[in-house]
Amino acid sequence: MGRRRFRGLTALVLAVVAAVSACGPAQPGTRTLQVIVSVNGSYPTQQKQWFAYIAEKFKQRTGADLAFDTFSSTSDVLTRMQTSVISNQGPDVFEIGTTFTPTAFSTGAFTTLTDQDWAKVGGKQRFRPATLGLSGPAGREIAVPETSLPYVLVYNKELFARAGIDHPADSWDGLLTQAKQLTKGGVYGLDVAYGDTGDTWKLVRNMTLQLGNPLVQGKNVTLDDPRTVAAYRMLYSFRGTGVVDPATVGWNNSQALAAFAAGKAAMMLGTSGLSQNTLDNSAVAGKYAYATMPTIPPGHATLPSGGVPATSILSGNNLVVADYSINQDLAFDYIDLVTSEAEQEHLFDVFGVLPANAAATAKVTAGRADLGPILASGQGSVGTPFNGAWADVQLQLSNVTVQLIPQLARGRVTDAQITDQLQAAQKIAADAVARAR
Amino acid sequence: MSRFRAASVQQVLPRPVHAAAVVALLLIVLVPLAYILSASLNSDLAVAAGDFWPSQFTFGNYARIWQTTDLAGGLRNSVLISGSVAVVSALVSVMTAYVLVRHKFLGRLTTLRGLVILQSVPGTLLLLPIFVLFASVSTALRVPIIGTPWAVFVTYLTFALPFSTWVMVTYLRGLPLEIEEAARIDGAGPATVLLRIVLPLSWPGIVVAAIFSFLQGWNDVLFSSVMTSPASRTAAVALSVLSSTQDTGAVPIYGQMMAASLVCAAPVVLLNLVFQRYLVNGLTAGGIK
Amino acid sequence: MTSMERRDRPLWMLIPGAILLAVVILAPLALVSYMSLTDLDQYTLRHWTLAPFIGLGNYVEALLQAPLLSSIWISVSTAALVCVISLPIGVTAALAMQNRFPARGLVRSLFLIPYVLPAFAVGAMWRTILKPDAIVNGVLGQLGLPAPLWLNGPASYWVLVAVEAWSAWPFVYLLTLAALQSITKDVHEAAAIDGALGWAKLTRVILPQIAGSVALSMVISFLHSVNNFSVPYVLFSLPAPASVQVLPLLTYAQSFQSFRFGLSAATAVASLIIVAIPLLVYLRALRLDVGERR
């Protein structure tokens, strides 16, 4: 290739690149609101349509344009948030999961909602009280709830009927007994995604809350408490008693769901309403139902005093407005639009996500008995402490499981091993909480 | 020279060793690739369950990937950006390497060593400061940088430079000096020597440097996900959408993920197929005789 | 050096590269070094210039509290093993391309595939194959061999090495291939005339010629492995089992999960220094920096 062609090629490429980058946004003078939301891989075309639909409505309402950007995972949105906060430029509105709203709050880079702001989005009474749990400390909230996604268990009605069991037990001990009864004929009683770092800590947390250990309260961290050990002990006893497939040690949530969907397990812990789509197209279509996870802790027949009947971690999506945004008014307009009764119903119709809007929830769940348990789980959800250090605490809880997997694979985890891991976790978590402001 | 068949004089490995090596290597490469291929033709649930061979072949994934995410746009952006990075990086690194190898100057050794050290700087370390830098420059000059292809172009180009330069350094060291010196005695300036004489002889090195530079941008997700807007997004980010961990419930779209991985890997392999004659024919094309 | 050469030095050719490197790598590096001396975390991120200066506090914490030293050991040892494995495979593959055989051009390109596949596809594929109830353990079970846990526990270390080596050897192959091109047909024919064939030709003619390239590929391959984030992340995710807690995972977790940017910067800078010193020694020893002038 001669040098002239070489130079020509380079020039051509640079020219094209310049042209591509020069193609900027449309008319000057129209304001644009930048919103970043999580991408929906299950309903991509519907999501694109929804973007266009909402942009149209927004334009009618405010005369401004709406530009959507998407993120593909939690770490993606957190990275985007960090780069935006440090450089004071980026999206105006973030859709962020409830678990990381405390982290967003701790950066101090998001607009605190005044009473007027709440009024702009219909007031707190517009939302189901359960969904407001992770909006922020009282009087200093930053987040408006958008959708709700509580965790539940799913069970196979047919297998239950065959074993003569009516409904999953409300206590962990009872659940274990049922699982033992259901483990026969090549089918396992229970399905737990031990290999999924996002799953197991939520189950442990439910149990410790029920036992009366809040794990973090103010500046006090109680990870290495005997009650936490009891929770992990229960979690691992599923493997120990053989009610779960030994392979679950390496499964993530989708693999556990796949096994349930193939009819190989009678129950699965830690799933959500989003599994409906998969289950309706699988071997267990029409044979499955949701139920809340047990609320009575292991080793007890009724809820002990001091215990909280947690059904799930408070889970869903919140909307926050960046402090650096020059479109604060437009941002609240958008939030008002998306959390209005009509749009929340629409979201449910298109994507199957449970609304945070109270009126919309009542409407879409009316006559849907199958959604009852999910709603109940939402009611009983308990939010994580509103603390910038929670991310670290959560990491430590899941780290305990990860480090104990080799022992779990062999079938047995001793209390001593659990305690060792918890003591290491306690130290790191306590440090993080001490640093929190 | 009739005793030696021209073709066989270049070979190094004896026949049986050669055959065994090629077969073994092809197995190492192709067997896992076969798994990706079969997973792309399988249903998501079956892949999640760990099946190797599909019980039912579904070709729909290859059609769906273009809808689920803007893969076409991503590929277009990636080709433009990575292609430009490859070309410009090859050019800049040849220039830099030429001076480093053929001329002495103060700080030459330090530069050479420094370039290797720079190779050991991890990308994650530089993400925030580079973002801050670009954002500050952008605000100061009132010119958008983040969100345009230029941000990632400049980043990938610079990340590719240390290694590309070293490849050219190693390669240029192996070139005989006689022709260059002859040209210089004839009165040619250094730029002419570089372009007319050195460049045509360095094709193998340039192709390696170009492939490496191309891949800097092709597979990177971290910088692209924060520095591009939906319009300038690269294929790697589109691919990561397909692998996005769904909120617990839905099964990840494994089939589409695997199909898209193959689609994203194909252009590089194809480009290599096209350019490999430069990789192997460099010296004979230059004509040392 | 003659005066003509001195006057003729085209130092201006260094300018484009120098500007790019200074602006995009050196300036951010300086910035990051500054950040490593401050208490930059999620609480101070917003006004990062005002983050409290704590001197070497992060470095002390990194070395004493965070598992930095064990991470460095795991990173360095896996990277070294990857290099040792990639070397013979890569060189053999390049040498094999010297023979003419049908579809040589195609095979030459196919060999690049492991290097070219997106890292996360590689990780996802191997993770699915190595699950406890998946194909690898299935085959091992059928052959009557023990089927251990691959993605956690002690075996995970070797899995990391194997997977990284699988995707790294084409890099050595590529560099060696290019280097082999500098051995002209004349040299081959001269060797043949001298009676050097097979092993003798390999050791006395070929290897010395490509030694520089191979040594360079070892250095770069080593650095790539040490800094490889995507493969361990997709294979093991975070939190990772203790046996594969490599450096990139540690800095990523500190930075993007715990939001301790100052600490993460210190960890990265400390490991950079710890890795750079033996590297420089290696360069000096092989005289790679000076180069052999013929």
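We just call them A, B and C in the order they show up, numbering each chain from 1.
Everything that follows uses one rule, which is that contacts are C-beta pairs under 8 Å (C-beta built on N, C-alpha and C of every residue); 3 or more make two chains touch, one makes a residue touch a chain.
Since the model is a prediction, treat every value here as computed from it, not as a measurement.
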| item | value |
| --- | --- |
| Two chains sharing the most contacts, counting C-beta pairs only | B-C |
| Per Cα centroids, the chain farthest from chain C | A |
| Chain A and chain B: spacing of chain centres that average the CA atoms, whole Å | 37 |
| Separation of chain B from chain C, taking each centre as the mean of its C-alpha atoms, in whole Å | 15 |
| Where chain A touches two or more other chains at once, by residue number | 79, 82, 86, 255 |
| Touching two or more other chains - residue numbers and ranges from chain B | 50, 128, 132, 240, 243 |
| Junction residues of chain C - those touching two or more other chains | 48, 131, 133, 256 |
| Interfacial residue positions of chain A with respect to chain C in the complex | 75, 78-79, 82, 85-86, 103, 106-109, 195, 197, 245-247, 249-251, 255, 388, 391-392, 395, 398-399, 402-403, 405-406, 409, 432, 435-437 |
| Of chain A, residues touching chain B in the complex | 1, 3, 6, 9-10, 13-14, 16-17, 20-21, 23-24, 38-39, 41-42, 44-45, 68-74, 76, 79-80, 82-83, 86-89, 149, 151, 196, 198-199, 253-255, 257-259, 261-262, 270-278, 282 |
| Partner chain C, residues of chain B touching it in the complex | 1, 4, 6-15, 18, 21-22, 25-26, 28-30, 32-33, 35-36, 39, 47, 50, 52, 92-93, 95-96, 98-101, 103-105, 109, 112-113, 116-126, 128-130, 132-133, 154-155, 157-159, 161-163, 165-167, 169-171, 173-177, 184, 189-191, 194, 204-205, 207-208, 211, 215, 219, 221, 236, 239-240, 243, 254, 257-258, 261, 264-265, 268-269, 272-273, 276-277, 279-284, 288 |
| Chain B-facing residues of chain C, complex | 1, 5, 8-11, 13-14, 16-17, 20-21, 23-25, 27-29, 31-32, 35, 48, 89, 92-93, 95-96, 98-101, 105-121, 124-126, 128-129, 131, 133-135, 166, 174-175, 177-179, 181-182, 184-185, 188-189, 192, 198, 201-202, 206, 209, 212-213, 216, 219-220, 223, 226-227, 229-230, 247-248, 251-252, 255-256, 261, 264-265, 268-269, 272, 275-276, 279-280, 283, 289-294 |
| Of chain C, residues touching chain A in the complex | 41-43, 45-46, 48, 131-133, 149, 151-154, 237-242, 253, 256-259 |
